[in-house]
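Each structure below is given as structure tokens.
Note that chain A is present in both complexes that follow, paired respectively with chain B and with chain C.
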Partner chain A sequence: MRMIAAAGLGLLALAFATSSRAQDIQIADVAELSGGGATVGTNWKNGIDLAVEEINAAGGILGHTIVVTHADSQSNPGVARAQVQKALDSNPYVLLGPGYSGSVKATAPLAADAGVTQIMGGEAAELTRMGDKFLFRTSFGQQSTMPKVAKYMADEMKAKAVAVVWVNNDFGKGGREAIEKALKDLGVEVVADISTEAGQVDFAADVEKVKASNADAAFVYLNEDESARILKEFKRQNVTVPLMGETTLVGQKVIELAGDAANGARAHVGLTTDAPVDAVHAFRDRFVKKYNYVPDHNGLKGYLAIQMVKAATEKMGKLDPKGIADALRGLTIKAADDPGILMDVSFDENGDIDREGFLVEVVDGKQVIKQILPKLH
Partner chain B sequence: MTRAQRLLVGAGGAVVLAALIVAPISLGRYGLYVLSQWTVMTIAAIGLNLTLGYAGQVSLAQGAFVGIGAYAAAILTSHGYPLALAIVVALALSFVVGWLLGYPALRVQHHYLAFVTLAFSTLAFLVFRNEEWLTGGIYGISGVPRPTLFGFSTNKPLPFYYVCLSGLAIVTLAFWGLVRSPWGRAFLALRENPLRAASLGVDTRRYTLMAFAIGSALGGFAGALYAPLTQFIDPTPFTLALSLNLLMMVIIGGSGFFFGPFVGAMIAVLLPEWLRFADRYYLIFYAVLVMLLLIYSPSGVLGILDRYLRSRNARAASAMRASAQAGLSDEAVR
Partner chain C sequence: MSNLLDLVVSGLGTGAIYALAAIGFTLLWQTSQTINFAQGEFVMLPAFLMLAVMRAGAPFWLAILIGVALSAALLGLAFKRLLVDPMLRHGVLPLAIATMALSIALKESVKTFYSAEAQPFPSIAPSGSLSIFGASVSLQSLCVFAFGVVVVVALNLFLDRTSTGRQMQAAAQNPTVARIIGIPVERMVTLTFVINAVLVALASLLVTPIYLAKFSSGETLGVAAFVAAIVGGFNQVRGALVGGLLIGVVDNLAAAYVSTQYRAAVPLALLIVVILFRPQGLMGRAEERTV
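Here is the complex of A and B:
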């Protein structure tokens, strides 16, 4: 008898729990929590959790609590598709992730079919050119950063001949194509096109090739660890060609790993915890306090994804999953009104993002901002 | 097998088949997708089971053949050719490449053979990634279409699941026929004792190549279904990790058992999904379960069943012997 009563009470509690949850905002995240993209996905997830915690503590979105479920894509597009399908079957308010461009391509059609807005971390140029009205970026696509980098190399570095060193994955290849096109448009010649592998350790031959090409500047587009290794190799071989990069080349981790060798390296940085913005520094401190490590830009992207949902929902003034994509398109979120967004940001018709960027040089082991690049529009 | 046992297996098969046809109707899109993944991986594992479990050749290249089939299907169907043709091409291509890969198997065995096939696996990945004009390189091929059969579009998850299930049914029947044919016996002879097989007139050279080629062709078939299932392929799913995963499916299901790949693929595809309630620990749970299972039964899940049936048969036999003996001694007393 007592068992039955207990079971009945349990059921009742469950019923109450589900009825109160109905008022919550259910957000589904599918990210690379294991496999090759585990660093990307874990940063992204932690950024999301931090934002959710802060917003819920401050009363939620329009008074509703946010509940996020995380699912692991194992960094595999096929698994990502299964998890996104599962997430969509439960009718989420918004879908977050994945971070790998390939997984985004495998899942975006599902979200678009279901009419669910997808806020993702992929940076490949083509993602926002598929005509998908429900897909939004959290960082610059390469098609918007590389013209800025090329312009800086042509105007400020006076480069006429450039060597391009890139990592052969979808991140590196997309960047390489965008920069080479942008350089050619400005009349700058690409004299060496050097492909490297993810996880590569020895860059002696690649630096040799840069030297042999007689380039007057090199564009280096590798992941963090490899960036540090190639910087050391440039120093070891005493090659003094000016180095330019995008985000990764001057990351905090790269500077730590490369030491002296990082000095003089320059890069365009769109989103970094080193950005000279007080709100971003404060974010970094909160993140470090919660997780005990300094996040990379993926942590910021996850954090901003939730802030985008908040801003779009507050703009609509109601919980309307079908309306979020419309609300985000053409939206400008100002940090002055919405401190969580950290920096002013705008979205265009394709889901591409626009915000301030920075040109950074490493001087004595520290990032120094050389130039602030204004928003495009 | 006695007649009763045969009937039992037949009835069991019919029940499972009926369940596979009827049960998914109530499943959501996610459940259907995962179940379709199971059918595809089962087909690839059946192929590897032939190469490894029946013919005894260790291959770490099955994932590459799934890739070859997937790319063949993706390229052909996105150029407007029907999936049926793509499947034929995938089968033929994997068969020929598998045959060629079989040649090293004539010279090296066991872990040396594993290394040769491992190298092939890496080579295939590099071709998928670098031959951009054909494979789309690292960006892959998106929007792989699903076929229209007899005027019915299989774009929705349920119809496409039935396409995958039919594929599995055809492969199962063909494989059933194969292992019961003289070829199947020859493969077993090859695994058990190649020297003896040769002395009995089995052309070991030809059967080794055949085991590789047919096993690989089934990998290609699985790939040709995988591409329209995920509707997007890039080189990343077809790395060594997939080959190792397929190898695990065969071993954990029960290498050399007919239904081993079915059980193995179920464990590899469905178990992690069931364990997802454990949140970020799910892969740890999964790994521990798999390890415990293999410690308990190195011959896989079906090995447990096999051991049970054998010991029961042995007990029955000894009981019969004992009663026969008792009968004899009774007579002696009389």
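Here is the complex of A and C:
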């Protein structure tokens, strides 16, 4: 009899535990935790974990605790697809990641078919042009940033002829296509189109080509480590042509790795922990305290992804996984009302983002904000 | 002309990096018929060992000494005793696969225990450039090149002109006969692994300021070094140097004069040509085996 009673109590406890678990907000993250994109994925994951810790400590979302499971895409679109399918089988509230555009492209149809909102880190222009109603960015897409970069090069740098150096992956190809179109629209000639490989060490030939092109300026669109190496090569070959890029050219890590060679490089930066915004500085301090290093823009993206889930859920006033995408579309989140979002942000019908951006120059080893580009709407 | 010279010299610098890693492939093959697919990670790891020692407060010179010693113990002795010995008795293929697994384990361990982020690494070579016939030559690359040449010459002299070196070669060529004539085969093979471990630690010291200390930096290096060793001749230490330098220069010239988009394909095309027309490699000697 005692045994039956004990078994009954055990079952009751299990049922109670299962029921409380069901009240948690289960979020799946698939990120580049190993392989070539590990820097991206690790920053993204750490940003997510910090946001989850803070929100849970403050009572969760509508009183519900967030539980995130992280899976490793190994920086491989095929593995990312398998991991996303596995994650979707557990019916997550929201899917976060991946960060690589190629992996996002491979996984977005799965999430859309399952009706699960996917908040990702990819920046390739085409991602939000696929008609996917469940896909949302955490940063500007290339179609938003490149026209601004091209305009800056034409107006401020007075460039008439530009050399474009890009990395031969989905990220680089999208950026090259967008910048070359934007430059041509402004009447700026692309005099050299130079492809490089991810993981490339020797940039002598590429820099030689920039020199030989007699360009007024060079647009450099590579991943972080390669950005540092090409900056060193530009310095070694005494190339003085002005360098312009996007976030990766002037990231914290690039400046640390390239040293003096980073000085003078300019870039449009959508997210930076050096942004002249108090909330962003406070985020950086909390991140450094927890992880002991300064995050790059991917850390901010991961942090903001969770804040987007929070804002959309609070807008709905209930936990409704199918309603998240509708809640995010057209949503404006103001930092004054929701400090976790750090800067005012709006989402359009395609899942693209509108937020303040920054034009940055590296001066004496530090990012200096030269211009603040306001929100478009 | 100065552009061409610049490209060739820069290619030689990069090629010397490949050569330093490729020497390990040829050395282990020449003396113990072992293929180590973790060779790229073997070059990556000592830099992190040195960084960890520096993080503990030690000066750079001490970190170098400790890094080299740890490398000899971990990548030489421990690698030989814990992985090569148990696997080699099953044949070369199981060992090759085991070293692939080791390469993944080393990468992921460094990422987990250190960081996924690339780290700057101090250079023992001066950071400036020299101008030679109008071409700007990086002093770091020059040092790597010089070190590669010195290592190859020294190893060739050691293997051909010393009693220990000849015993090592005899142990590799026919262990049974070597044992009969009194050569301590086990000791010779262990010595080879320790020499390789010390060399990768020194290579790591020279290469990492250029490559940056990152858990994944051995991936590209390992593949390039393997290709270089085959092109140069897997059974000749000097073949590694020739193969490495050739791959570095061809890669640069292909990027400049053929296409930057197909630059990675050109060294592989060279590899195919060499395998088809000179399978023993440019500097290698043909080997015949009894089957």
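Here, the second predicted complex is superposed on the first by the 363 of 377 C-alpha atoms of A that agree within 3 Å, B and C clash if a C-alpha of one lies under 4 Å from a C-alpha of the other, contacts with A are read in each partner's own complex, and residues count from 1 in each chain.
Keep in mind that, in the parts below, contacts are C-beta pairs under 8 Å (C-beta built on N, C-alpha and C of every residue); 3 or more make two chains touch, one makes a residue touch a chain.
Quick caveat: nothing in here was measured; it's all calculated off a predicted structure.
Asks: Quick one: on chain A, after the overlay, do chain B and chain C clash, or do they fit? Just give me the call.
Replies: fit
Asks: Now for A:A124: first (chain B), second (chain C), both, or neither, which partner does it touch?
Replies: In the superposed model, A:A124 contacts chain B only, not chain C.
Asks: Mind checking the angle chain B, chain A, chain C on Cα centres after superposing, to the nearest 10 degrees?
Replies: 50
Asks: Does the superposition put A:N168 against chain B (first), chain C (second), both, or neither?
Replies: both
Asks: Applying the touch criterion given at the start, work out whether A:S34 contacts chain B, chain C, both or neither, answering first, second, both or neither.
Replies: both
Asks: Figure out whether A:V201 sits in contact with chain B (first) or chain C (second), or with both, or with neither.
Replies: second
Asks: For A:R81, select first, second, both or neither according to whether it touches chain B, chain C, the two together, or no partner.
Replies: Only chain B is touched by A:R81; chain C is not.
Asks: Look at A:A261 in the shared chain and tell me whether it touches chain B only, chain C only, both, or neither; answer first, second, both or neither.
Replies: Touch status of A:A261: no partner.
Asks: Just to be sure I read the superposition right, which of the two partners does A:A327 touch: chain B = first, chain C = second, or both, or neither?
Replies: It touches nothing on chain B or chain C.
Asks: Between chain B and chain C, what is the tightest CA to CA spacing in Å in the combined model?
Replies: 5
Asks: Determine where on chain A the residues touched by chain B overlap those touched by chain C, and list them.
Replies: Common to the two interfaces on chain A: residues 33-34, 36, 168.
Asks: Note which residues of chain C are touching chain A in the complex, please.
Replies: These residues of chain C touch chain A: 3, 6-7, 10-11, 13-14, 17, 107-108, 111, 115-118, 120, 129, 136, 138, 210-212, 214-216, 219-220, 248, 251-253, 255-256, 259-261, 263-264.
Asks: Which residues, counting only chain A, touch chain C once they are in their complex?
Replies: Interface residues on the chain A side: 33-36, 38-39, 41-42, 168, 194-197, 199, 201-202, 204-206, 208-209, 211-212, 224-225, 228-229, 236-238, 253, 256-257, 259, 293.
Asks: Contact residues on chain A for chain B in the complex?
Replies: Listed in rising order, the residues of chain A that touch chain B are 33-34, 36, 70-72, 75-78, 81-82, 85-86, 88-89, 101-102, 105-106, 109, 124, 126, 130, 168-170, 173-174.
Asks: Across the complex, what residues on chain B touch chain A?
Replies: Going through chain B, the ones touching chain A are 28-30, 33-34, 37, 129, 137-140, 142-143, 226, 229-234, 236-237, 273, 276, 279-280, 282-283.
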